[in-house]
Amino acid sequence: MKERLDEQAMALRVAREFKDGMIINLGFGIPTLAANFIPEDIEVIFHAENGCLGYGPMPRTVEEEDFHLVNATGTFATPRPGMCFFDHAESFSMIRGRHIDLCVLGGLQVSEKGDLANWATGVGRPGNIGGAMDLAFGAHHLIAVMTHTTKNNEPKVLKECTYPLTAPRCVNLIVTDISVIEVTPDGLLLKETAPGWTAADVQALTEPGLKISKDLKQMEL
Amino acid sequence: MINKVVAGFDEAVADIFNGAVIFMGGFGPANGTPSNLLRALAKQGAKNLTLIANTPGYGRSAPGAKAFRKTLPNYDDGGLLIQTGQVKKVICAFPGMNRPGMTAPLHEKWQTGELEVEMVPQGTLAERIRAAKAGIGAFFIPTGAGTVMEQGKEKRVIDGREHILEYPLKADFALVRAYRADRYGNLVYQGTSRNFNPVMAGAAKVTIVEVDELVELGSLSPEVIVTPGIYVDRIAVRENGKKGA
Amino acid sequence: MKERLDEQAMALRVAREFKDGMIINLGFGIPTLAANFIPEDIEVIFHAENGCLGYGPMPRTVEEEDFHLVNATGTFATPRPGMCFFDHAESFSMIRGRHIDLCVLGGLQVSEKGDLANWATGVGRPGNIGGAMDLAFGAHHLIAVMTHTTKNNEPKVLKECTYPLTAPRCVNLIVTDISVIEVTPDGLLLKETAPGWTAADVQALTEPGLKISKDLKQMEL
Amino acid sequence: MINKVVAGFDEAVADIFNGAVIFMGGFGPANGTPSNLLRALAKQGAKNLTLIANTPGYGRSAPGAKAFRKTLPNYDDGGLLIQTGQVKKVICAFPGMNRPGMTAPLHEKWQTGELEVEMVPQGTLAERIRAAKAGIGAFFIPTGAGTVMEQGKEKRVIDGREHILEYPLKADFALVRAYRADRYGNLVYQGTSRNFNPVMAGAAKVTIVEVDELVELGSLSPEVIVTPGIYVDRIAVRENGKKGA
């Protein structure tokens, strides 16, 4: 079996999309890891739904842990010059008002139209919507990052999502453990494959048809 | 003379009645949760409560159960009121995880049908609470259009985009956690413990605040007050100040 | 001709309505003067639409004048312990959200139903709505203070306002230079007359019929 | 590196185009008005502007005319742009007084039909600007129902009270005046000079801020920042700092 990217590698690939000056919101899981791979020559500002812009990395010691400084995933963060705090209404004005340049969310399913499902499977549990729906509707640019298939090797990039939607037509870029796919008005465009994977390999694990980019390349990691 | 300080937490929550709708500030197990007010309400015993909060919380862990997050000593959250059976309905954005070996009272009572859970996207939750405070009758937003969140809601296309109509979320009492207060009820917070607290303060009929410290009138700079005293009805001061949750 | 109250006396009568702990907004003109007559044993907090709660009296010297501390009528105020600043959206959330206990506005006309007209005569000028409409709709309790008649001795308390309304059915109490009149669901109730004025004198200068309070008394000044 | 500071006021307003819609902060002749940005815009000459402000202002008094209020040296307001003929429409809550002997360009141009004036109640003005910033498509409020302000607006009874539907007020540029800024665009204000400035910052496509002082990143406490830098695009620093209007 071909080797898939691990979470760190996916996070690294996501971080390549960070540009100087961007306001970025990172969701739970792999997206949060992307903060460890900010290109050295740029400055970005992270937004936390719970009312913080410009927080720094996780503390390295227990002594640095401050219960008054956590990010939206509930984990401790550290102060950084230029940081500021605000309340939840203001925080989501930033999101709903389209002031967030880039949001990275985990995905359960993404459709060929860019619909995202990432908060509930629709059965057995109420699910946890959190701020995901607000972000999916509000962010200027949305990256969905996820394994390309389920544990049973079934596609998660689908013609139509079967789980409850987070938002319709919101995903701009899909980063998976085997590919990078752009959502375009004409459908899904395969732009990169993981080392050792061909376009055909990726297509075989993807429900809708993929257009292949003229500049198709191997993911640089 | 204006003095909103009450004798203690028990006095602060004494008139919360059966069937009351309660806002609770805070964002998960970090600070910003009014733990002492919640304990006092558990003791007071009011029933059939509706709890509106971003994250109701996990309550007190059973012996040996693993906690979802690290918490401060003496931390209590809205999960406590679910465990005591005082809550009939939760309106929230994040019901919480439900993993093997974890204590998750919301999920347990939801599965047995003892608890109703209504999910609201986090920003819509904040804006609906703000609407109650700001006298907005209803508002159109894109968030949720084309998803299950639009069910039962009026839809309208504005500027080429689908919107849904949301109404204010109103409550009888707001339980708020702040850092410092003066006797007028002016409040400041600390870091991300601010979260829903300033939004809820003033959005309920009665706003009750748990603070670390009461300070002299005039000692909070007028430039840095986050919640103006106009939104606050009662202040209860923690005996141990900043220590503990 | 009988003597009417001057502006200071009207302001004094208005200030009798101030109760301990009230949040009060005072409009342009006579209402602003009422701040000089706060009963000594109570504490009230003044709200200014331009983003201040708890400001103090006008400065006594030019040196005390601070261009960063003016009230909503544009005049200089002074700092007071417990004061705070906020922006216009927050300030009018307080008003629209019914957090202001008492508002005192000047009036051009008041109807027997409590309609207030105080911002425009409807001809020749655009008028100045300012925050008056928001206050008339939002305040818990509204006092209109004005001379009882126009310069031509025509009634300003009318069956129907002829000028553009500030808000319908918003006035709770009318304080004039000859009377104090409560707006009740059953119509206007004359509660006080100025020294030397009878109920009949006041009625003669008032268009709608006045009910006379059983406790009708002379205004205490 | 993020650095929103531009070379000067002329550079800050250089791309304001003919027909642009402009928010202007401030509340009457007191401080909080971006006088230097307005002077630069007068010099730049963009025409057919729509000016949205609480109080457009009186412009420069004719020699011998009495001023409505005391002002600081070098004070200029939106009235200057009305005097230069750059404004075709004003949307405001307070057009200003028009008394004999006073300079009142808004009234003069309104009477001759050269200027359109649209009146919006002050709180509705603030909330409509906030709606543009916060992504609210439209909102129902009681203010104005049963008055001339309801003309042409959708009405609806909510909770037994008449409401009218208001839409966001959008703009191309916001001209904002603050006290201190850091290079991220985080802002603090002074006293009642705050007023409409934080509401407008971020509500226009481009937000341009005039500040007294640029300070080192990190020197503004994260607890006291009023306008987060996310809402700011350009900062122009006054040479004379706090001196003058």
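By letter and in written order, the chains are A, B, C and D; residue numbering begins at 1 in each of them.
Simple rule for what comes next: a contact is a pair of C-beta atoms (placed from the backbone, for glycine too) under 8 Å apart; a residue touches a chain by one contact, two chains touch by 3 or more.
Being a predicted model, the structure only gives us computed values, none of them experimental.
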Pair exhibiting more inter-chain C-beta contacts, A-D or A-B: A-B
Computed distance of Cα centres, subunit C from subunit B, in Å: 37
Centroid spacing, where centroids are CA-atom means, of subunit C and subunit D in whole angstrom: 29
Contacts with 2+ other chains: residues of subunit A: 52, 85-86, 92, 95-96, 138
For subunit B, residues contacting two or more additional chains: 127, 130, 134-136, 141-142, 189-191, 222-223
Chain contact graph, described as a line, ring, star, complete graph or other shape: other
Interchain contacts (touch definition) - all pairs: A-B, A-D, B-C, B-D, C-D
Residue numbers on subunit D that touch subunit A, as the complex places them: 1-2, 130, 132-136, 182-184, 186, 202, 217-218, 220, 222-223, 225, 228-231
Subunit D to subunit C touching residues, read off their complex: 27-32, 54, 69-70, 72, 93-98, 107, 110, 117, 119-127, 129-130, 141-149, 189-199, 226, 245
Partner subunit D, residues of subunit A touching it in the complex: 20-21, 23, 43, 45, 47, 52-54, 79, 81-86, 90, 92-99, 138
Subunit B - residues contacting subunit D, complex: 127, 131, 134-142, 156, 158-159, 161, 163, 167, 188-191, 221-224
Subunit A to subunit B touching residues, read off their complex: 48-52, 65-71, 74, 85-89, 91-92, 95-96, 125-134, 137-138, 164-168
